[in-house]
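In the two complexes below, chain A is the common chain; its partner is chain B in one and chain C in the other.
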Partner chain A sequence: MILATYDLWAFVSDNQEELLDGLLNTLKVSAFAIAGAFVIGLVLGAARAHRIPVVSQLTAIYVEVIRNTPILVQIFFIFYALPQLGIVFDQFTVAWLSVMIWGGAFNSENFRAGFQAVAYRYREAGYALGFAPFSTFLNVTLPIGGRIALPSSINTYISVLKNTSLMYVIGYAELTTTSLNISNLTLQTTESLTMLAVVYLTLVWSLSALIRLLESRLALPESR
Partner chain B sequence: MPEWIEPVARYILLEGLPGTLRVSAIAVVGSALIGVVFGTLMTIRFLPLRSLIRLYIEVFRGLPILVTVFIVYFGLPSAAPSLEFGPLTAASIALVLWGSAQVAEATRGAVQSIPNEQHEASSALGFGWVGRHRFVILPQALRRLLPPFVSLLVNIIQNSTLAQVIGGLEILEAGERQNERLSAIPPIGLGEIHAFEIFAGVAVLFFLLSFPLTRLAAYLEKRLA
Partner chain C sequence: MTASELAIVGEPDGANGAGPVVRVEGVRKSFGSNLVLDGVDLTVAAGDALVIIGRSGSGKSTLLRCINLLEPIDDGRILLEGDEITGKGVDVSRVRQRVGMVFQQFNLFPHLTAIDNVTLAARKIRKLSREQAERRARELLKTVGLEEKAEQHPHQLSGGQQQRVAIARALMMEPHVMLFDEVTSALDPELVGEVLIVMRDLARTGMTMLVVTHEMQFAREVGDRLVFMDEGRIVEEGVPADVLDNPSDERTRRFLRRTLQLPESLEELTVNEEGVEE
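What follows is the complex of A and B.
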């Protein structure tokens, strides 16, 4: 039978349960990875901005290695190369771990830039008021620098979400894998790709809209 | 040095590397040409044209590049049979769509950052729209675009690995094929697993290609800032 007709709605409604599971897996992997990338970025970005010995240098190496190798190679490395050393993860763990490591590297640069943009006189004021270095960070550098870093870090989270589609190569059943596996059986390639484009663009555009909203809401008073 | 390394390295460097370089070269040149034209046209006050280019930018920057690769490789042929491409060509086209959207957005910003006096002065000298942009505005804007261009090149080299997913022979695919060959049962392979060494080698190769370029981008950004 030749399937010459294009029917996006049939593709979606016939496979709605599987597609919904795929979408949920995409969101789950993204949520894990984004939460992890946030923590990594915050901690390592602060270490870099305050030039904490050893941690700062190790972070610099981590960032350069991740930024200068393709994420697909990183995924292959974790999924195919680490088992040779006896380190075996299941597909779900590889999925969130690899994008989290990737996002964490970019995010630590976002936060480093944000914290470094906080004028020294603010921190000086904190010290003058008797705050210890760590409370100065919590009460002065973080609220100001964190806001400066917010738009670029959300951009990194958007990339993390988009990169979960790469889990196709390890066969993890997120949205892209699920949709293409279905269309391999039903030959509804065009419908499958349209659905993917619509869902990803909806997610990405909503997050971009969120950036613009946050940017205007959280703008520092002096730059308003 | 173990005996298996030499043929593996030879295959990755002689069969894989040229694939990566070919895809990257086409993608960078295509992205630059289309991106600069689209970005410049974005500064024209003609709403329909501007909205069309804006849509193009938002779509191809918003889609995961892998999905764009699938659309070009699987989607286009099922829409029109004449649009069937090999894996490396399909990956190059997908990267041009993504890269040109990036360049267009950067170009729009760079062109708009050129002060209005430059437009007025060149108009006064008798340049039309095309001449004004070709000889006065773009040469200045392109200088500001140099650091983002170098970063784009790094991104394109790394994203050229997406060709691997559709079977295009570039560095990662070459490494993967050697990994499978070595792990096959003799006499086809060696029955040995060297995934760690091979993929670490692939990562090192990409690092050697990218690192000088990221340094260059950082240097240019500092100099031209």
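What follows is the complex of A and C.
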């Protein structure tokens, strides 16, 4: 009986090196993808909010495609379809690239909404002081709109982190893949899943706590 | 506060420093089919406080916004210290650095403290060090009576305090002319005085000012000249007391009667769908 032999601690300690590697890979993929999604969201969100020609339209298409197709299809596309076109990435690159592209699309919407929520009168005050348009963006729209976008972009980063577990489908040895591969052999499925749930909960809570700390230092003073 | 404490007027660096600071020549401006400025001519001499009055929608804000290049004009030209600023190839941001503007809604940056609001543009554009900028900003906050509030955020300040910070913020760039667009209209009545006093003292330092306002006492006591605008045109201009006491144009007279600035008793007036009955 599997239930009779349930031993979470044995599962973790017997496989600690592999699991630790998996965890590190999860963290690495998440960090790359979140950093990328931040930059993509910021730049493309700004382009859309300011209706920069061409970039703005291309971003709209990008966002539509990503939001309206399953992320599994996107991962498979990068892993299986791109090589047919001669574009081959290693598993690690596919892992962070695919969740970054996914997160970047959602994040560009977060930032677009944040920048658009900045009342024109603040930008106008910037212009009247003598700020050029791009300086006005950097000194007025970005700090105000970025703060407005913060809560929704945090949710996107959390989703990015959880979505790294989908790399199971391409066999990349992040935490989920590592853990499930072990339990497929040892039949410790319940232990494996319990461990995964606990670790992801801890990661997401830590990430939220970290970002909430940041938020409380950054939030617009009136909403503090 | 004394006049010398507020002295901030830089040396005019225009082509002819002795000429008018602002010159508006035949300016026309439409929004779609709505003709908002219909051939405005205006000259403001150095050190003068020009008061602009007129009905809502008569184009007063648009005129100020055109002078600060926040709106492009369709026709005519505007000169700042002798330089044409409405022509092609003008560095718009540079022109705006010479023109200070204060808005009805204050428009302080909500994420910054009072002193950071005042120093931001000076640090980023005039490249003052934080230390230099803060020293000057504290002087300015002191002259508007707010040195104690330097570390407060806008939402912690009353409307009158916010507006005084906004004036200090504009003065920090050492503008050669200041534009005030109904800066007391959004304030509770008991907060209007503190802002008008700062503006009066600024006028006494010799700052050139264009002031759109409904405060007739301010117009009378502080204004050197007064213009009345109606439907995008200046229909009357003169010494404030003369225009207010003896308006020569019927439209000015009607405006002043409606805003109860003519010595008529409330008893004698009635109202219809248009407002005060003529």
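Rule of thumb we're sticking to: the second predicted complex is superposed on the first by the 208 of 224 C-alpha atoms of A that agree within 3 Å, B and C clash if a C-alpha of one lies under 4 Å from a C-alpha of the other, contacts with A are read in each partner's own complex, and residues count from 1 in each chain.
In this section, contacts are C-beta pairs under 8 Å (C-beta built on N, C-alpha and C of every residue); 3 or more make two chains touch, one makes a residue touch a chain.
All of these numbers come straight from a predicted model, not from anything done at the bench.
Within the superposed three-chain model, A:A128 lies in touch with chain C and out of touch with chain B [touch as defined at top].
Using the contact criterion defined above for the overlaid structures, shared-chain residue A:R51 touches neither chain B nor chain C, since it reaches no partner.
The larger set of touched chain A residues comes from B, when the choice is between chain B and chain C. By the touch criterion defined above, A:R217 lies against neither chain B nor chain C after alignment on the C-alpha atoms of chain A.
Using the contact criterion defined above for the overlaid structures, shared-chain residue A:A81 touches chain B, although it does not reach chain C. When the two complexes are overlaid on their common chain A, residue A:Y200 makes contact with chain B while staying clear of chain C. In the superposition on chain A, contact is made by A:L166 with chain B only, not with chain C. Of the two partner chains, chain C is the only one touched by A:N139; chain B is not. The part of chain C that touches chain A in the complex is made up of residues 68, 70, 93-94, 96-97, 99-101, 103, 105, 107-111, 120-121, 124-125, 153-156, 166, 169-170, 173. Those residues of chain A that touch chain B in the complex are listed here as 64-65, 67-74, 76-77, 80-85, 162-163, 165-166, 168-169, 176, 180, 189-190, 193, 196-197, 200-201, 204-205, 208.
Chain A makes touch with chain C in their complex at residues 121-122, 124-132, 135, 139-140, 143-144, 147, 220-222. Touching chain A in their complex are the following residues of chain B: 58-59, 62-67, 70-71, 74-75, 78-79, 154, 157-159, 161-162, 164-165, 172, 176, 179, 193-196, 198-200, 202-203, 206-207, 210-211, 214.
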